[in-house]
Structures are given as C-alpha cells and as structure tokens.
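Quick one: the structure is below, questions incoming.
Per-chain numbering from 1; labels A, B, C, D and E assigned in written order.
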Amino acid sequence: MNSLSLTLFDCVVLVTLLGLAWQLLATPDLFKAMVLFMSFGLVMALAWVRLAAPDVALAEAALGAGLTGPLFLSALHRLRGTRKGERRQQLDSIEHRGKIEKVTQRTSGRIIYLLLRILFAGLLLTLLVHLATILLHVEYENPGLGVFVAEQQEESGVISPVTAVLLNFRGYDTLLEIMVLFVAVVAVWSLATVRFSEKSGQVSPIQQGVVRILAPLMILVAVSLIWQGTHLAGGAFQGGAVLAAAGVLMMVSELPWLRLIPSLPVRLMLVFGPLVFLGLGVSCLADGRFLEYPGELAGFLILLIELACGLSIGLTLACLFVGGRPVDDLVDRGQLEEGS
Amino acid sequence: MPTVSASFWMVLPVVLPLAGGLLCFLWRQRSLWLPLAFALVNLIVVIRLTRLLLIQGPLHYQIGGWETPLGIVLVLDGPALLMLLLTALCGAGVTCYARGYFAYRISAQKQPGRHERQERFFWPLWLMLLAALNGLFLSGDIFNIYVTLELLSISAVALAALSGKPVAQLASFRYLLASLLGSLSYLLGIFFIYRSHGVLDLGLLRAVVEPGSSMTAGLVLMSCGLLLKSAAFPLHFWLPPAHANALAPVSAILSGLVIKGSLYLLFRFWFDTFASLISPAALNVIGMLGILAVFWGGILALLQQRLKLLVAYSTVSQVGYFLIAFPLAYHDATLSVWTAFLFMILAHGCAKVAMFMAAGTMYLHSGHDRMRDLHGIRLVMPLTVFAYGMAGVNLMGLPPSGGFVGKWLLLTGAFDDGQWWWSVAIMAGGLLAAAYVFRVMSPLFQAPVGASIFDGRPTPALLEWPPLVLSLIALLLGLFAPGIMALLTANGGAVISGGLP
Amino acid sequence: MTVLFAYKLGGLCLFFMGFTALILRSHPLKKIMAVNVMAAGVFLLFIAMACHGRVGVAIDPVPQAMVLTGIVVSVSVTALALVLACRIQETSGGAGSSEGEHPPQGDS
Amino acid sequence: MREVLDLTGIVLIVCGLPFFLSGSLGLLRFPDIFTRLHALTKADNVGLGLIVLGLICQAGSLFEALRLLMVWLLVLIASSASCHLIARSALEKNIKPWMRS
Amino acid sequence: MNGSGWLLVLIMLSSFVPGIIIFGLPEDRVRLRTTLNLCGSLIKIGLIVVLNVGIYLGYSYEIRLPLVAGMEVYLHADPLSALFTTLSSVLWLLTTIYAVGYLEDSPNRSHFFGYFSLCVTVTIGIALAGNLITFILFYEMLTLSTYPLIVHRGTPQSLRAGRNYLVYTLGGGALFFLAAAWLQVLTGPMDFGSDGFASHLVVEHGPLLSLLFVLLIAGVGVKAALVPLHGWLPQAMIAPAPVSALLHAVAVVKAGAFGIVRIVLDVYGLENMIVLGLLPLLTFVATLTILWGSFRALQQDDLKRRLAFSTISQISYIGLGISLADHRLALIGGLVHLVHQGIMKITLFFCAGNLAETLGVHRISEMRGIARRMPWTMGAFTVGALGMIGLPPTAGFVSKWFLGLGALSASNWVVVAVLMLSSLLNAAYFLPILITAWFDRPVGPWPDEKNFGRFETRLMLLCPPLLTAAVVLLIGVLAEAQISPLAWVRFIVEGYLP
C-alpha cells in the first residue's frame, strides 16, 4: 500500500515535471514561462527529495528555483524596459526569424521546412529511444564510488558524505567550481554597470517591514545551513544561496544604503572565499599535498572553508542578480566630466 | 624529497593563474605588471616541469592524497606537457601583446575610460582562462575535465564579449549557448560512462573499458560535445563571428588556445582512454567531416573581405586538418600520428596566435581590417607583416614549419595505410590555405596608392615582437623536432601514460 | 526499479525537450530556459543513478556532489547569459544603455 | 497516548486538506485577481495551519515542533506580504475589481 | 675521407647571416649593406673553392639533423652539387654588384637585398640537399623567398605576376610533396647518390613508380618551365632586371633543372629509368619545350619577354641531355649546359637591364642603332646571343656540340633534327636584334635617357655583363682546359657512368 502510493506520487511528480517543462518551453508568453520555470524548479526539488538527495533538493530550491527565477524575472524586466519600437526586432534577429518566414511563404519552402522539422523530430526520437533502451536493457552492478566514500568517511573530517566528497575527496572540483562563480561575476561586471529602478520611494512600507523581519532570519538560516553542512544536508552553496536570497530581497526593497556600497569592499568579499580556499589548499603543500588537510584539523578547516566560501558565494550570487558592477567601479572618465 | 617537489611543481600551473586572476581583480592598480609576472612565472614553471618529465618520466599526482577511484589525479605526460608548453608560450606572448595593445589604445584617448576598463577586466578573465586550460591538460578525471571545460568556456565567452560591440556580444551569446550545449552533451556522456563502470579516472577507465552500448553512447555524447566546442565542421557556425569580432588579444587566445583544449581531449579520448571502442567507420566519418571543414573553411576564408574574418575561417579549415588525423591514426595509433597531431596543434597554435596579433596591430593602425584598403602597410610595419607571412607559411604547411612536419607525417601515414585519398584532401587544403594567405599578402605588398590613413604613431615593440617571435617559433618548430620527440618518448617509448598503473 | 527507470526516462525526455527548444525557439530568454531544462534532465539522470534502490548498499554521494557542482555552474552561466542578452538589447538599441557608453566604433 | 496523537494528527490533516482544495478551486474559478488572491491566501493559511498542527502531533521533540510552527509563521508572513504586493501592483496598473455584472 | 660537414653549414650561413642583418638595417645605410653583401659573397666563393678542391681530392662532406622518424635534414656535397653551388654563388656575386647599381635610388632596398640573400642561401640548400626531404625543404623555401622579389615593385602588374608565380609553383610544390611522401613510403628513406631505389620495387610497383615520376617531374618542371607549366616565367619578367637574372640564371629555373637531374640520376637511378621506360617521356617533353619556347620567342617584341621564352627553350636542353643520359656525351652536354646557359642568359639579362635603365628601351623595335649609343653593352649582348645560337667559339657551342654527338650516338634522329631546328630558330630570334642594334640608324631620341658621364652607363651596371661575356668566350675557347665546367662535368659523369 505504502509503496504503491509512493509510486503514484513519483508518477505524479514526473508527469508534472514533464508537463511543466513542455508548457514553459512551448508557451509564447515569456512571463508565463518564467512562472512555470520557477514551479518547475520547485517540483524538481520534490523529485530530489524523493530520490534521496536532500543536499541537491536544498540547492535546487535555493538556487535553481529561488535564485534562477528572480534572475529571469529581472532580466525580463530589463529587456522589456528597453524594448520599445524598432528595438524589438533586435532580439528576434538572433535566429534570423525573417529568413525562415520568407522561405515559408512559398509552398515549396513550407513543405521543405516541414520535412526538415519532421526529420529533426524523427532523429531526436530515435536517439531518445536508443538511449532509453540502453538505460533499460544494459544494467551494471557496479556500486559506484559510494563504497569508497563510506570506507574513507572517517578520514575526511566530516560526517555528511556529500560534503566529504565536495570538500575533501574531490575538493579540487569544488575549488574550480567556485572559480566558475567568480568568473561569472567578473564577466557580468565587465558587461554592465548596476542600475536601480527609479521608483525607489514607492516601495511599500509593508514590504520593507517584512524584509526587515525576514532578512536577519534568513542570514541566521544561512549560517546554520553552512554549519549543518558538515553533518547533515546543507553546505556552502545552499547557505550562500539563502544569503544571496536575503540580499536580493533587500535589494528589491530598495534599502537606501545598498546603493552606496563601494566597489572595493565588494571585491574584497568576492575574492575572500576563493582566496581562503586556495590559500588553505596551498598551505597544505607545506607538509603534504595540495588540498590534503592534516588529519586532525580536517573538520575544522572544512568548516572554515565552508564559512568563507558561503559568504563569498552569497555575495557572488547577489552580484549576479544585480547584473552589473557597482556604480563607482571604473566609471568612464567622459561620463564623470559630464556629470560634474 | 623529490616527490614532494615534483608534486609541488605540478599544481602550480593551475594554482598560480587562479591566484593571479583573483588578485588582479582585487588589486587593480597593480594589474599592469601582475599578469605579466604570472604569465612569466607560469612559463618558468612549465619549463621546470619539462625538466622533471625528462628526468623522471610521466608524473602522477593525487590531489588531497586520495587514491584514484575516489580522488582526482593530475597526469603529466609528453602530450600534456607539450600542450602546457604551447599554452605557456603563447600565453606569455599574448600577455605582453595585450599590455601593448591596451596601452596603445588608452594613449589614443579616443574613448576615455573605455579601454582602461577593458584592460582591467581582461586580466582576471585571461588568467582564469589560463588556469582552466592548464587544468584541462593536466586533469586525469572526466568530471574534473567537465569543470575545467566550463571554467574555460565561461571565461572565453566573457573575453569574447569584452569589446562591447553589439556584434561581438551577439556572437559571444551564441558562443555561450554553443559551448553550454557542448558541456551538457559531455555531462550526459559522463553519466553513461559512470553508470557503466562507476569510475571517473581516465587511467582506470582505460583499464576497464570494453565495447558495450552504454560506454559507446557515453563516448559518442562526449565526443559530440567536444566537437561542438572545437568547432568541427557542421558545428562551426559560432566560431567565425565570435573570433573575428573580439579584441585582438582575445581573438588570438580563442583561436590559438581555447579550441585546442577540446581538440586535445577528443584525440586523447579516442586514442588513449577509449581506444578499444573506436571503429574504423567512426574514424572515417570524422575524417570526412575534416575534409569538408578544410574545404568549407578554406573557401569561405577566400571569400571574406575582412582580415580577421578570414583568419577566423582559416581556423575552421585548420580544425579540419586535425580531424583528418583521426582516420590515419587508427592503424598506427602510436608515435607517428600523435607526433603529427601534436605538431600540427603546436604549429597552428603559435601561428594562429601570431596571425591574430598581427592582424590586430594592422587594425590598430588603420582603424579597419578591410583587406583591399591595407595596401602599403608593409612600409609602416614590416615586422608585423613579416610575422603574418611567417604564420601563413605555417598554415600552408610549407617547410620548415611545424605544419610541414605534421603534414608530412600525415601524408606518409596515409600512404602507409594505403588510404591515399586523404592525401589529396591534405594537399588541396594546403593549396587553399596558400590561396587565402596570399590573398592577404598581395595587397600588403602593394605599393601604397594615394595617402593611406594610418595612425602615424610608431608601432610599440610590445605590439611587434610577440607575434614575430611566436611566428618564428612556429616556423622553426620543425627543427625542434628532436626535442619534442624526446618529450613524447620520455616514458621510455610509449607516448601515452594514462592514469595510475 | 521501474520508478527509477521512469525518472531516468523523464530525465532523457527533459534533455531532448530542452534541446529541441534550444534549436527552435528564437527568443534568447527561451533559449536560456531551454538550456536550464536540459541541465535539469541530466541532473535527474545522475541522481536517479545514485539512488540505485538496492537494499544495503549506501547511496552514492559522488553523483550528488557532481550534480551540486552542475547546478552551481548552470546558475552562474544562466546569470551571465541573461546579462549578455540584456546588454545585446541595450547596446544595439543605441541610446538608453545603462552606461551612457559611446556608440561603439572602430573597436576590434 | 500514541494512538490518540496519531488520530488527532490525521483528523487535523484531513481537516486541512479541503481548505487547500477550495483555495485551488478558487484560484482556478474566480473571476479576477483580487478574488483569486483572497481565495488563495485565506484558504492556504488555514489549511497549512491545520496541517502543521497535525504534523506537530507526530513530531518527536519540542524543537521539531517549534520548527514546524516556524514554517507556518513564515509562510503566513510571506504570503500576506506577497499578496499585498500583488494587489498593490494590480491597483497601480488600474485593474478594476470585479463587479457582479 | 671525410671533410667537416660544418663547411656546408658555413657556406649557407655566409649568405644567410648578411641577409638577416640586412633586413634589420635602415634604408640609408647603403655602404654597410653593400659591404655586407659583397663580403658575404666573397667568403662564400672562397669556401666553395675549398669545397671543390676537397671534393676533387675525394673528401666527402655531409651533415645530418634527424627530425622525426623518417625525416632528416641531410646536407651532402657531391660533384654535381658542387657544380650548381659554384655557378650560383659566382653569379650571385655578379648579380649583387649589378643590383647595387641598378637599384641605386629605389625604395625598400633593405628588403630587396635581404630576400636576395635568402634566395641564394636557399638555392645553395637545394644544391647541397642530400635527400628528397631536404630538397623539398629548400625547394619550397625558394618559392617563398622569391615571391617578395617578384612583387618588389608593388604595381598591380607585378602583383599579378607574383600571384601567377605562386599558383604555378605552389601547385607544383604540392604535387612534388605528395609524390615524395608516397615514394618515401614505398622505398624508405633514401639518400641521393645511392643509385636509386632497389630494383625489385620496379617489378612490384612499376605503374605507380611511373606515376610518381610524372608527378615529381611536374613538380620540378614548374620551376624548370617545362612546356605546359611555363606560364609564370614570361610574366615574371616584370620584376627588376637583377631579379630576372636571379630567376633565369641563378636560382629558380636552375633549381628546377637541377631537380630534374637529381630525380633522374639520384632518386630513380639510370637503370630504373631505363627499365621503367621513362626516358623517352622526358625526351618528348624536352623537345616540345625547346620548340615551343623558340616559336613563342619569335613572336615577342618586348626584349625581356623574348629572353624569357628563350630561357624556356634553352633550359630544356638540360632536360634533353638528361633524357639521353644513358649516352655519356649527351649527359655531358646536358649538364654542362646547366652552367653555360646560366652565364649566357645572365649576360643577356644584364644587358637588357642596362638598356632599360639607361635609355628606357624595353622593346626590340626601339633598339635601332642602339649599339652606337652603348657599344660595350651591346657587345656583351652579342656574345651572349651568339652563344645562345651555339656558334663557336662561345660556350653555347660546346654544350650543343656534346648534345648533338650524344643524340647521334643514340641514333635518335628526332633529337638531332630538333637540335638543328632549334638552333635555326635561336638564330631567327636573336640575329634580327643584333642586326637592328648594330646596323640600323637610330631614329629620334631614346625613350628615357639618362646620362652617366664618362661611361655609357653606371660602372656597376657595365662591369658584370662584360665580365660574364668574357667568361662565355673563355669557357668556350678553353673548354678542354684542366679547370673548366666541361672538365668538372666529366668528373661528375664518371660518377654516374663509369
């Protein structure tokens, strides 16, 4: 009975996932697609829970749904803000829409286009079926690396196996991954300057009040998630995401002091986590190997790294959401002169 | 203790540029000499590693001290070291050139602030890219390779968009999507491989790999991703606009180094790790794609009006050559084909970097790169034109360049196997390359007609010498062959060392 | 076992749905979303593999760690892609850019 | 004691479910944004409250019970605030409330 | 006995190093540049004298640099290469002197002389190449280093000529490269002078080897201007006169002809050539080229164009001699023509350059009575032209005499006829020039006359042709002397046909 209902639940989750994905990809309405995308992320988190991956579920809820959704929304807002008149065409030209339309005006063109689509769909379907049959028929009895993780868990200094893998056994991957985040921020900064909406005075007092209550709470949650990472689900990424969410909330509510944060402290904080990780890794070189934590200190060092990285990750994600460098960062000289 | 010291040197090519990138971002005022120092130190480290390799043979290094099935291993063997060497050399060249490039533009004072900003963001991104490349070549773990690939492509995209032109941004957006698609395909491939054997380490994989549909599916997916990332023929659509519209040092990096990363991986997977899965049919398909790429890229390069686009299309064409090496390697997956492949990669890397740098200098001076209107530029910057020509010799595969050695080895390989038809394509491609190289040289040699509007300032040494030196290295690469062979055979004869025994 | 297979199949379907949309949709935001859906599909495959459903065998944390890495990477790439898309819109529109940047010209 | 708690829990949860159902129905069937908000928040708050209470009956420790309660409280705050914001932006966009017509 | 291989390297460096230095010199350092050039070529000639003596005494000079498996750079001096080296370096000295005078006021001289030195270095490399790979190495580099010289003026015409040159030579180079790679796979790495490959291959791969021979000859034939592949040469006469001299006498065409000799004698070997029956093919192409070149030369009014077509025809005498190589006398005639043709043709081009530079005369129709204005130049021209026709006592007579004897001893009447016909044709296109220059009265002013004081033209322009004309007469008269090209060629032939 129990397993049957769970199976049913799984099926519902899966069907919802696929349906949502189909809808969000098919709908022409961008806003609807965003909303569907966020719900897609949440259902995804449910699926992770069902698949016994609480760490991933937390990360998905915080990052995949919690942060990516607002990212999309703010991007849409930004696009719509500049999207007036003839500029509307710029983005559509990415796919040479016009050409296709011209081709499809003729009957022969339309038929060929249709045939191409059928061919494409057929190809993909064949591929899908092929891969699925491989998954169904070719089964392997290898236990994966779980056995090794379990064997060496005690040496890793932490209790949670996922954290052990992330920060100790395969800490090098994680180091590079944090660098990916960092590069993303540098890239975003190189592209644009931050901007705030003009109507800061109109933020609802209720919103501000709620944010004032929620933000400290969220920071608390974030820290606890990071700390909890050593023995339960959680860790730097999840905690950082919650931290970022707090930041995003504050920014959306246009708290006045946020505009004034200068570039240098932000840069310091951004670099802090990666630098601590890298530095601790290198300091291990002194009497061992790169990223080889001395046995008794391993747990402490991992917690230290998680804290430092969690802070930086939070700030990184918030910066990604803001979508530009701080206003005082490398201003055009010409612009300054115009201003003065 | 020798092992500690060896391991110490092995992580440095990754750690140093990472630290450099972080510091350059943090500490902007010093970012003028900081990257230069890091690039040079990187070169020194790699040279030191070369010595270690020659003395000790291939090196393996477990990060964090964890044994292989679980931990990540760095592997340094002949091919990896050569790639590191290429990266370090070109990296040092590009770093010098970029400094000169930005200094020249900043001093022009046309758009105040703009070029300073570009430079400040260029350094951290470039150092991160360098770290990613080094990590990629050293890595012995398929998932770690995925992470380095991501780091590589995200910093490459950011660099490509740096110029701020809408065209460049559009191109880099496409580049981003293409490389994301490639990464995801690669990741899906990892899934199929991990589920078959439960290991990620390349050396262990090579030991356990056996023909089976799951493994094959994984390899195919991974290869598709890598082919997309290296702009193999039908998947090359993103490359020319992205490479041609970026800033000159960035174009050099993208064309000379970045696509080499995925190409190298592809070759390594097919002929080392998963060699037992490869069938002749698959190799022939790849070879056919290569031929198509050679011709398609070459013909399109001939049709271009802009210098940088021409050079970008020539990259498409050259990638074809690397793919032609695949079918020829099948019967003889040993020394000679690895040598041919690596020679071509090294030669093309240096030559393409030099070529884009030279093209960039011409652009700086004339404010455009329409080939018709570049006549007489030889008198203004003879060294740059000379560098361009020498790099072109490499692409044509004329002696004594590295391209010549590679082509010779490919040709003899083709005749050895009795697959002489590839040779026709190889030669025809060389002629096409000659055609498009001299299509540029011809106007450059033309006597100036009327008053040409060149920027009157003298070309700084930093803009002239790096391309010249790199192109000369590429040109004389053939003569360094004994040294390169010594590196390749440092393992006592076998080229590849793979993972831990 | 069958449920896990269903999840894997779902993952594959998501991957291919995303791929189709990536090719066919023209709007950049849609393309970015499609990539995210593809990524979700791959992650689903990994996690379903880790949770092999055999009694007495520990759940494999390595794929979970890989997926965590993947999620973080995909978030950062998504953010970059979104900003890039916005910038394309803004710079190609000429005026109204957030930086008051000079119209780009003669820039290689 | 155990059975009593279990039973209470089940009853509470079963009581909570109709609220969710009606809330969802309202979301789907109500004519305009304000009425939909009304249905959604009202029903969900009570429904969630009942379900949380039901779960508290199952909770192993006081700490866990407190945490569950916190969930409810936070959702209350968040949903009321977001409801307020949605309504506000609807008003700003001059969306007229539905009148029986 | 072994001489040091470093001598060969030194010979190459003696022109390479000045070349590199000259590239870096500023435009106005004329004197330093000239000094460097002359010193380089004098040192080179000195070294080559040492080399020749050494070879004559039986020393062997070689140096190897293995690159990758089956690929090594191998420099090796044998009598044949010594012949070519000597020719090129002596003519280089003269051409350099001439070029200094010719380009006195033109721009971009640093580049010009830099590339010029590179060209000669590479030509010496071709001469000293000891295996096919090394030959290819320098052969392709020759293409590259001559291109800037051809397009030196930068006019649209010269750019077009340069493009044509590249199309022909790079195409030929590709064929050559292909065939060489294939041949190496069949025969294994093979040094020159080893009497060709093992004869059992001929049995196994006869048709393939014939095909490869055709490809190889096509590859070198482009530079040697064999008939269907000669199109670039008349166009390239647009380049300055010293470059024409270089192309026709010192480097390019000669390298092609030298390549034919190497392929026949050293790659395939005479025995294999006879077994494969490929010699008649070469004879056919050579005769065709001789006749076609002469016919076309008849129709030209532009002096340098006529000389270019004459080169096409004359160079094939070498090929003709080689194609009858199983007969000693013909081989001697062919090889000695390599030298004789070079000296005679360079004389003619020097003179043509003088006419153009001093009087602006480019066309034969403008040459009426020109000998009265420039008697010395025209005297030298006359000697060269008579040599080309093959009249005694010039050098041309010697080579034609041996060729004719060879053809007779081979009883190849077609060749005999062709030789006679071509001599007639040569006379037909050279004699009118001489007649109009010496015996017509000048009409009106010269197109673009410059006055150079005491002499009819610059001294540096005048001396080289006079010198070469004297040499043409000398080696004709003293052909049987101890030290003469003929004697050296006999020495070479002893190696091949003992």
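What we mean here is this: contacts are C-beta pairs under 8 Å (C-beta built on N, C-alpha and C of every residue); 3 or more make two chains touch, one makes a residue touch a chain.
Molecules present, by chain and UniProt name: B = Oxidoreductase; C = Cation:proton antiporter subunit C; D = Monovalent cation/H(+) antiporter subunit G; E = Monovalent cation/H+ antiporter subunit D family protein.
Quick caveat: nothing in here was measured; it's all calculated off a predicted structure.
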If each step moves to a chain the current one touches, what is the fewest number of steps from chain D to chain E? 3
Which chains contact both chain A and chain E? B
Counting one step per pair of touching chains, how far is chain D from chain A at the shortest? 1
Can you tell me which chain pair comes out on top for contact count? A-C
Taking each chain's centre as the mean of its CA atoms, which one is most distant from chain C? E
Central chain, going by Cα centroids? B
In whole angstrom, the CA-centroid distance of chain A from chain C equals 9
From the C-alpha centre of chain B to that of chain D, how far is it in Å? 58
How many Å are there between the centre of chain C and the centre of chain E, using C-alpha atoms for each centre? 67
So what's the Cα centroid distance for chain A and chain B, whole Å? 30
Of all residues in chain B, which are in touch with two or more distinct other chains? 70, 111, 114, 143, 147, 150, 154, 157-158, 161, 169-170, 173, 194-195, 198, 200
For chain A, jot down the residues that touch at least 2 other chains. 94, 131, 143-145, 149, 170, 173, 177, 180, 183-184, 187, 191, 332, 334-335
Pairs of chains in contact (touch as defined earlier), listed by label: A-B, A-C, A-D, B-C, B-E
Contact residues on chain B for chain E in the complex? 335-336, 339, 375-376, 379, 382, 393, 396, 398-400, 404-405, 407-409, 411-412, 415-416, 420, 423-424, 427-428, 430-431, 434, 438, 441-442, 445-447, 478-479, 481-482, 485
Show me the residue ranges of chain B that touch chain C in the complex, using the header's touch definition. 70, 110-111, 114, 143, 147, 150, 154, 157-158, 161, 163-166, 169-170, 172-173, 176-177, 180-181, 184, 187-188, 190-191, 194-195, 198, 200, 245-248, 308, 360, 363-364, 367-369
Which bits of chain E are touching chain B when the two form their complex? 65-71, 73, 108, 111, 133, 136-138, 140-141, 143-144, 147-148, 151, 153-156, 159, 162-163, 166, 170-171, 173-175, 177-178, 181-182, 184-186
Which residues of chain A touch chain B in the complex? 94, 130-131, 134, 138, 140, 142-145, 148-149, 152, 168-173, 175-177, 179-180, 182-184, 186-187, 189-191, 267-268, 270-271, 274-275, 278, 281-282, 285, 288-293, 330-335
Would you tell me which residues of chain C are touching chain A in their complex? 3, 5-10, 12-14, 16-21, 23, 25-30, 32-34, 36-37, 40, 43-44, 47-52, 57-69, 71-73, 75-80, 82-90, 92-93, 96, 98-102
